[in-house]
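As written, the chain order gives the labels A, B, C and D, with residue 1 at the start of each chain.
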Amino acid sequence: MTELTNHRLDTAGFEAERAEILQSWPTGTGVSFAEAVKVQEALPTEKRFPVALAAADAQGMTLLQPRAGVALVREHAALLNGLSPYCDVLPTTIDAYTRHNRYTEAQDGIDRSRAAGTSLLNGFPAVNHGVDGCRRLVDAVSKPVQVRHGTPDARLLAEITLAAGFSSFEGGGISYNIPYAKHVPLERSIRHWQYCDRLVGRFEEEGVSINREPFGPLTGTLVPPFVSHVVAILEGLLALEQGVKCITLGYGQAGNVAQDIAALRSLRRLAHHYFLNAGYADYKLTTVFHQWMGGFPADEAQATAVICLGALVARQARATKIIVKTPHEASGVPTLEANQAGLKATRQMVNMISDQNRVDSPDIQMEIDVIEAEVHAVMREILRLGRGDIARGAVAAFQTGAMDVPFAPARANLGKLTPVRDNHGAIRLFDVGNVPLPADVLAFHRDKIAERALCERREPSFNMVVDDVRAISASKLVGRPA
Amino acid sequence: MSTESQDYKIVLGVIGADCHAVGNRILTSVLTQGGIDVVNLGVMVAQDEFIEAALSEQAGAILVSSIYGHGELDCQDFRARCEERGLTDIVLYVGGNLVIGKQEFSVVEAQFREMGFDRVFHPSADLQEVIGLLKADIDANRPAQLARNSRPLADERLGLSA
Amino acid sequence: MTELTNHRLDTAGFEAERAEILQSWPTGTGVSFAEAVKVQEALPTEKRFPVALAAADAQGMTLLQPRAGVALVREHAALLNGLSPYCDVLPTTIDAYTRHNRYTEAQDGIDRSRAAGTSLLNGFPAVNHGVDGCRRLVDAVSKPVQVRHGTPDARLLAEITLAAGFSSFEGGGISYNIPYAKHVPLERSIRHWQYCDRLVGRFEEEGVSINREPFGPLTGTLVPPFVSHVVAILEGLLALEQGVKCITLGYGQAGNVAQDIAALRSLRRLAHHYFLNAGYADYKLTTVFHQWMGGFPADEAQATAVICLGALVARQARATKIIVKTPHEASGVPTLEANQAGLKATRQMVNMISDQNRVDSPDIQMEIDVIEAEVHAVMREILRLGRGDIARGAVAAFQTGAMDVPFAPARANLGKLTPVRDNHGAIRLFDVGNVPLPADVLAFHRDKIAERALCERREPSFNMVVDDVRAISASKLVGRPA
Amino acid sequence: MSTESQDYKIVLGVIGADCHAVGNRILTSVLTQGGIDVVNLGVMVAQDEFIEAALSEQAGAILVSSIYGHGELDCQDFRARCEERGLTDIVLYVGGNLVIGKQEFSVVEAQFREMGFDRVFHPSADLQEVIGLLKADIDANRPAQLARNSRPLADERLGLSA
């Protein structure tokens, strides 16, 4: 493999790689790009993800999307059709074996699920079902369907699902490595996602728009907004370079309302800034807000309150889309009814907030200023490390810890940066690790944490962080001592 | 009781293709502060990795986490595999969201106990309680007192042993 | 009866009236004031309502209180003990027959409930159960208990429940007449509530503090904040004059977040203004926020979202107490489990918002300014009509329509004032009726409604009001045309 | 169909000690706009008040609302009372939260139909549908065509009748 750079993959190399990938598992041979374009072109308007996003963006609406995936095609179609009346766009969550390209184990899960009469997989093994199985699924539903997973090497998954009429594909070389893998080198996953983006770019060149959505929330646990923003911007730039045109950038609810609103507003602004400065103009940018991704309360009424706070903030911040949680969140994969309940509660809250006054305050503006200063500082360092190339720069930044995702399993991540909540519940930096933030920003973090420490009469420590991680499921935002 | 001076070494990890790292970090931090010597294998740990670590570290217990719902598949035959590899009498705990979907905990517990796990925990289990149980179970599983007495007790009492 | 004025009832007259009231139904003879004082004095601290309120106020906490009442003592005690772990203070909701002093029908309801094995009454018939029955109840629970009802003439109810150890009493001569009765003259209900307040004042003179809570939400349907604020201030003044010292003023959620926060903040400020100006200084003022009192969605997940929005706003506005709804709201009296679910969702939301930044914005300040101008204008007119006496003034103001509660059943209310939502969902005046608001305030209302009319391309009309009344249960805040 | 020109007069009220006035206002407004002549007795209406109004106004139907949960007690023997007072063949509707607590609607419906009500409605019933049913039921209950034909049809056709 040649050295990683942020340049469009050349056609010959791409085609050679493709031939190899489609040979890597039997169902790969079912993919033909010409056929795939025809399948996409034949999709009715109401099944095209980019159309739904553009309409929502134009009308200032917020779309709702659940998570859902089970082992078998027919059962998965039934599940999606049970959710469809309560949401705007559909998901297909991929199982964890497929995410790690363990198709043999996925097949075992399919077989055992058939035997057990219930899904033993935590998602839909799209590669094993192949183009035909996936097409049966897309045919069986009446709304746009997105592939949602967590796959460092999603090349075959992308080939198969896009050939079957899925019109949106979540993930990215950083966001589907650092929180989802342990041993995968970052240059490799970024390179594999350049392939996925290039594939989407090829569809765009044929006049077929496919939505791409970098995964915003990362580890979903006390992630400071600038950390996920930098990843979102990097993956946006990487995607644009490969010809992607419809991009949805994501953010996972942190819990403090002012910080969350500031985060979503600044994400849109910062992304446009970097995309336009890098010379891209022909793209559609939308945003997605993930309801709380950390630990949930086991009680369903309490869990619904967590969902409702996310719905309120998402709508106040005017997210284009919300990824909706369920009252069963603490217990893992939800039933259809629990998933519907999450959607219904979210819809009610979004509708009630929809027409209300724009929320603004000095606190929100302050958070925006801090986030922007942080993102610019890290992006400058990434460009410096990559000598102007953000792909090289991203790899180097994770190596040095200039970029650092808290609580990530990947060895490619330094793991020194440690977040903690301040006295109002906003996420601050207890330990900045090697991230090169400006002195005034660091002082701001320090002061905010000191305010909390004083209030709780204890020194900031990792115990405070542990308390914060467990706080929401214990019915609090800030993990105070008992 | 001289349990304070005893060593409680355990192997901890998230099994299978599961990459949920947060709980693993929290567990390590809380158990360590609770006086447990934690050998943390992190996420995406295979059965054999748990067993090898338990053998080489002479651990008293293995704590298996599974958050993503594949616990039922990933934990199959774990106890049998331990015994096959000569790891007899080790304390086996499992905890997390062990199955797909919301199921009655007592049913899940019975299922995993049937599979050979000594204790089965909710994701929201009280970690202080887990520490207490772990120490008691490791103590109960130790070789007979006689054998133990052959160890340099004086040093232990004086806190001189590493 | 002498002419109604806002003066402390004289002792001889009060005692004569008391003797008469206690003769009006057999259980009345069980009341002895000396005994009652002893019962109250014997209450442990954790069962005293004023103590719970003072502690919450001092610590900046928000207390949760459900609604609950069934026909029989033992069943009601079991219900309260089932709710107790999830709330801070307990209610006892009185049945509708007792509210109208129809004790014979209440007895019939008790008997039929015993026979049916389930409560056929929508509340606890405290008068029929008498002092002994009520004491068994108070003894059986471990938190403060309040009487919540809707009784224009609550004199006997107050005598019996306060003698039994209830330490808070909801209602007032206006707020328990206008929304709760049809034919009761206002001067009569105000006079009867002067008795209730005087009774509480007598306890205060014995060193026993009893909390009084005028009923804030009135008809619970599109009530403009100034309307309920004027009633709250009037009833506060009437209570203070009779010797009440612990007052909780209420407000029912209107739906627009900015307006609701402004309403609760201005309520506290306006009340202090009028209370202090009238020469009262020795009182404790707290606030209560009622979650949405209008029609609820039938779906439980959607209903929970409505509850959660109320919880959020109440906490953002720092209410001392929240009256909590349940996911069964659309179906009437809830089960214990549904009531617990409402409390748990509310607690989770309150806890998550608790530590967060104070919410402030120019919109909130604007709403505060408008509400204050409206309240002052109506209060001036009431003082003018009453020649300085607010009791006389209140009666006259309702007669002329200078005070007017929307959607009220009482003949004593003119019913010309008609509210409607503006384009952001705040409550404005479509028809001011005879309420003497300043010209600039009226222009503000007109402009806000015009903005909505333009947006919906329809003229403001009663249809718009009908759409608004039905909107929340149809999952919206503003009743837009389909 | 000449139903447009027919008169549909009904008596509306909230029964018993119930003072929920909002739904009553809304009902009056929507039914009136739907071409129904509403005699609204407001809230807290006794059975006899409904019956007297229906007799004196020659109404085709009585709509009873009950929101506060005492419907079961308040509506007892309503049909029998109507017949006793000579109000035979009147259409009787009831709607609202008719019983204490959340109960299966079909059970509540059966209970109130057993009590003699022709139709039973949810609080969230579609009012346009109610209007349609009301007109149909009143038409079905009218005296025979012959009697009806004796009214000045010509005027009706010309829209001259008040």
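Keep in mind that, in the parts below, a contact is a pair of C-beta atoms (placed from the backbone, for glycine too) under 8 Å apart; a residue touches a chain by one contact, two chains touch by 3 or more.
Chain identities (UniProt): A, C = Glutamate mutase epsilon subunit; B, D = Glutamate mutase sigma subunit.
These figures come from a predicted structure and were not determined experimentally.
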Query: Quick one: chain A and chain C, Cα centre-to-centre, how many Å?
result: 46
Query: Quick one: chain C and chain D, Cα centre-to-centre, how many Å?
result: 33
- prompt: CA centre of chain B versus CA centre of chain C: separation in Å?
  reply: 56
Message: Could you pull out the residues of chain A that touch at least 2 other chains?
response: none
- line: chain B residues touching 2+ other chains are none
Task: May I ask you to sort the chain touch graph into line, ring, star, complete or other?
output: line
- request: Let me know each pair of chains that touch one another.
  value: A-B, A-C, C-D
Field: Of all residues in chain A, those that touch chain B in their complex
entry: 96-97, 99-100, 102, 105, 108-109, 112, 118-122, 150, 179-182, 219-221, 294-295, 298, 328, 330-335, 338, 407-409, 462-463, 466, 469-470, 473
Statement: Interface with chain A, chain B side, in the complex: residues 16-22, 25-26, 29-30, 33, 42-44, 67-70, 72-73, 97, 99-103, 122-124
Message: Looking at the complex, which residues from chain C come into contact with chain A?
response: 255-258, 297, 299-302, 304-306, 308-309, 311-312, 327, 340-342, 344-349, 351-357, 359-361, 363, 423-425, 472, 475-478
